[in-house]
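First subunit A sits with subunit B, and in the next complex the same chain sits with subunit C.
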Partner chain A sequence: MIQTELASWDDPETRPLIEFVNVTKRFGDFTAIDNQSLKIYKGEFFALLGPSGCGKTTMMRMLAGFEMPTEGTIRIDGLDVSTVPPNKRAVNMMFQSYALFPHLSVWDNIAFGLRREGKSGQALTARVEEMLRLTRMEKFARRKPHQISGGQRQRVALARSLAKAPKLLLLDEPLGALDKKLRQETQFELMDIQESTGTTFVIVTHDQEEAMTVASRVAVMDEGKLVQVATPDVIYEAPNSIYVADFIGDVSLISGVAKSRVPSDVAPQDSAGGQPSAQQQDTPRQPQPNAFGAWLHDTVFEPVLGARSKSDEQAVEPAQQEDTVTDTVRELPAGGIAIHWADGQDPIIATNADPCLDGKTVNFSIRPEKIGISKARPDALNAFQGKVIDIAYLGHVSTYHVVLTNGLKIMAQVSNTRRISRRSITWEDDVWISFSSTAGVALEH
Partner chain B sequence: MRRASLILVPYLWLLALFAVPFVIVLKISLSDIAIAMPPYAPNWEPSDGVAAFREFLSGLDFENYVWLSEDALYWKSALSSLKIAVISTFLTLLLAFPIAYGIANASTDWRPVLLMLVILPFWTSFLIRVYSWMGILSNTGLLNQFLMWTGVINDPLQIINTDIAVYIGIVYTYLPFMILPIYAALDRLDMSILEAAQDLGCTRITAFWLVTIPLAKQGIIAGCFLVFIPALGEYVIPYLLGGSNTLMIGKVLMNEFSANRDWPVASAVAIILLLILVVPIVLFQRNEQRLREVGA
Partner chain C sequence: MKRFTWFNATSLTIGFAFLYLPMIVLVVYSFNASKLVTVWAGFSTQWYVQLFTNSDFAQSALVTLKVGLASASIATILGTMAAYVMIRGGRFFGRTLFSGMIYAPLVMPEVITGLSLLLLFIAIGLNRDAFTIILAHTTFGMCYVSVVVSARLSTFDRSLEEAALDLGCSPLAAFRLVTLPIIAPAVVSGWLLAFTLSLDDLVIASFVSGPGATTLPIQIFSAVRLGVNPEINALSTLMIAIVTIGVVTASLITKYTARRPMDA
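And then the complex of A and B:
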């Protein structure tokens, strides 16, 4: 989801559709939402992501009007909604349990909200039929909820909440009960509906893949707090805490002491405040050695390590080439930090990290797919020796669990472009893992 | 073979306890009154032989039913029974619904206690409870004493031996049969359905009429039948609490049977009562059937 113009959440001029201002919600002496502020903009597909009991449903229920904040204000379209009852809000909620009316047919379920608005006759019929078409439920209009399948019930619930064309649609784990394939289909359906109707969606899920797929922005929650609110790629590539890194996808964590690196005349590749941009991850780059690097290469390394082009053959998986072996030793990219993580081991070089971390203990967090694995020492800046202890075959990818010499476990993921029998790395092999100097992030907490 | 004999057990049970007595009552209703032991004729024993059986059959007739249709007493008592059953069912519903609603919305700690209180009267004999109402409602009873003590009235109210006392007795006796099915229906009702109704534009009151009531409908219908069916044939309550002019078919039946010792007419009344009751019982079964289908 690459935004070409300035995204609404980055534009200080845009007025938010929803605004939580220092909202706290307590149940007795239990604090479910702890003094949180949040802005959601018109047309967004906003995902609330977090473990069970972190307060996602509570946030939604406050928006729908079923719970009142204990402290703070919620504004919808600039208006404080604290005194507005649920039936007076331009908000519709699709309940996790669907909450269909069992005594009404599919048709009447969808018409329910429209009738309360006073719609009738031709206008009512037209709108209901439109919703039935949208959710492909025309054939089942006359059935009662107990006469249709779980997935169909979910569509009816969706149609019912969409029918009134609310400004804001709240979806509380709408796809939780569906199998993977139907869930993916419906995710795309939801995105289509969102695009064609322009409704603002807030979706609750504890499935991180779902959040990454559908959302324009994701809020990761933990125990009543919004830990990070950002676009999916930033959440994934530049999590702001170990919690977020760990919650979204697989990650290996290496803790060590940071030392700021002497800045050189060579600018670090990533100058954008230490966050790898999505673009950088997407476009393959050929390493361009600077003058010093070229000289070093020609005079010192070439006789010892062989010509540069040969390095390509050293990594086992060609798919990993671009990402893992971008900065070779010759380049010596400057800036960032070196993380001393084990005695007698080379430090990890993270050129995208903030040099201000100097002297602090940090956790270096890196995704398995950013790590290459090879039998021979790769020509990479960050290369460490280890032994394969486990291989998880997942079909399209395999995850190698490598234990480093100091006992630390690292996951390296490699896409299976070759058949299993032809793969050269197996259990108990001594291997090298390597990654580029911008592949991971250094996190303080 | 074993399965067949298993199925046979309930059928034998029904045959012995329902079909056989029904045939006997039907037979008596077709007989004539006799001053004998038993007090009707004709009678037939298997030892009498087949020829005697034919003679016995020719002795049976519908005379008693003709008699019932000619005497206005029986029509009036049947209609009055219907009226009392309908009104008391309605009154029971009015009282039971708020109670069931209150229990269904009580906190989970309180619910078992409240349900227990609803069933508690069953721990005492029905007769004793009706006798207690005599003690409460009589002219010198607790109610009148209390009202006179507070000064609301100067002379005791005549409640006992009127239809009002019968209504009170029936409503009191059958209240649990109305509360329990309504409570069961309301308890099944998912709170999020009511929230969904509000989310779609209902106020609390419209949500009650459009969602709560329709979803409690099956329970309400079941409760009404459970009260209406026994109330229609009720004998003890009108006998003990009602007056001499409270006409109910059960009372008439008992009168024919014990006071007049007219077993054939009493049996004919019983058959008529049964025929009247078949309609609501079948409707009740239909409702239960639908309930099971929806619940599945």
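And then the complex of A and C:
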């Protein structure tokens, strides 16, 4: 998602719709939410992500008014809601257990909230039918909840919570029981609804792909704590901890000792999230603007002058000059750290890492799709030798499990642009894996 | 599956014979043409005819019915409320004690319940008549209702009530529109149970009834002391029929609704 203006969560002027201020929730002596603060803004699609039992539902229940915080305050629209009962909050919740009324038909379940609002007759019918259409439950309108399937129940629960068009909609795993296709369609449907109505959504999900798809921001939770709250791309590309890196998607972790690298005169080439050097290029390197220059170009000159040549932006190293490859010999992007991860191996160069990590033990975390794999030694800054022990064929991509000389396992992912029979690398092959100096992140904890 | 052995067959027969042989004898002799209880003289329904023309019996049948209806209804309201508080009331001081105490009358000897009620009524100067019987029957009927209803409530998904609140119901509206319709079968079978127990009761009723109000069981009991007659057999047969219908209906309701998923 491209943000042209300052996003509401980055703008200190915007008033949040929901505000958790130092909220703690205890059940007996068990702490379900541990002194957390959080702001969610109007019109957001906010996803809570985390393992089972980490407190996602508890956060939702506090918003809906079914649980009171043990400590701290929750404000909705600037108002402390601690004394507002659930039926007086402009909030609707879709329950994880669906909570459909067993004695009412699908139709009456959806109409329930509207009737409490005093809607009747034509207006009621129109709204209910609209919801039925949206969730494709028209055919089942007269059935009772125990006469429909699990996925259908989930859709009815969704329709019921959407019907009142609340200011804030809480969805506790709304799509878990749907098949992949219907789930994707419903995801887009939800995003549409959110855009057209301006409703603020808070959604709980186990499915990180879903969170990435629908959410404007994602909060990753662990044992009652919000570990990281950020946009999906930041969560994915720049996780703030091993926990987040590991929880979202696949990741290989390499632990080692960080050494600050000698600063050189050469400015870092790709300090802002470069691409993996999976494809090697032989063309000589062209001068590239620094980050500010690139931004200036992209925003001001690009419409006039057209796209700037970015062919070489991907931190590809100049041709190797000698056989003895050391950092000092090569012309390297400066800054960052070198991670000494195994005796007798070149350190991993991470130019995007904070030099302050110097001397600390760090975990270098890298996504499989950022790692290239080849039989010949590639011309990359970070290149290490290993052996393929496993290949997972996933259709569109294949994941190679490579064990390095010191026994460390690394995953490398390659798009299957060719047919599988023409794959050149196979089990037990000696290979090189390589990645650019900005492909991974160095994490302290 | 295990085979149905002769041993099983025998124990089943003996067990059921113990339970139902006396009743069968009673039912059969209620259709006896002879006035002598122990001599079979052919089929006749004359005792039933005679029974319906006996104003004493008609009178006490009316009292019994009135007491049964009133006490079962009051017991159902109170028992449902008690069950709701026990299951849904959250934690409050003495909750365990209360929920234990509500079941106490179930195990209390009836003589003691009857006696203590009698003493209470005398102490507060209440005249003993149909009203005191209603009060007494409400007391124990309520325990049965609350047992049945709380069993249903405890398997009831709490989030249904929360969903109702979430959709804009006040707590009272949530109870009326969601909770009550769902627990209704339990409430109905609780009522039937309380009603049949009230029809049944001899011991407590004889403690708390006054001269103006005699229930059927009391009437039968005193009539039998003057000698068993076929008229009593006929009356008892009718009572067996009513109680059977009540109990069977209650258990059918429970069985039928238990099969339906509660949390759909």
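Couple of notes before you dig in:
To be clear about the criterion, the second predicted complex is superposed on the first by the 382 of 445 C-alpha atoms of A that agree within 3 Å, B and C clash if a C-alpha of one lies under 4 Å from a C-alpha of the other, contacts with A are read in each partner's own complex, and residues count from 1 in each chain.
Note that contacts are C-beta pairs under 8 Å (C-beta built on N, C-alpha and C of every residue); 3 or more make two chains touch, one makes a residue touch a chain.
This structure is a prediction, so every number in the text was calculated from the model and none was measured.
After superposition onto subunit A, partners subunit B and subunit C are found to clash with each other. Touch criterion met: A:His103 reaches subunit B and subunit C at once. By the touch criterion stated above, A:Tyr393 is placed in contact with neither subunit B nor subunit C. In the superposed model, A:Phe188 lies in contact with neither subunit B nor subunit C. In the overlay built on the shared chain, the residue A:Glu117 is in contact with subunit B and with subunit C. In the superposed model, A:Met93 makes contact with both subunit B and subunit C. Touch criterion met: A:Arg153 reaches subunit C, while subunit B stays clear of it. Residues common to the contacts of subunit A with subunit B and with subunit C across the two structures: 64, 66, 85-87, 91-93, 95, 97, 99-103, 112-113, 116-117, 144, 146, 160, 164. Of all the residues in subunit B, the ones that touch subunit A in their complex are 190, 192-193, 195-203, 206, 210-211, 214-215, 217, 294, 296. Listed in rising order, the residues of subunit A touching subunit B in the complex are 64, 66, 85-87, 91-93, 95, 97, 99-103, 112-113, 116-117, 144, 146, 160-161, 164. The part of subunit C that touches subunit A in the complex is made up of residues 157, 159-160, 162-171, 173-174, 177-178, 181-182, 260-264.
For subunit A in complex with subunit C, the residues that touch the partner chain are 64-66, 85-87, 91-93, 95, 97-103, 112-113, 116-117, 144-146, 153, 160, 164.
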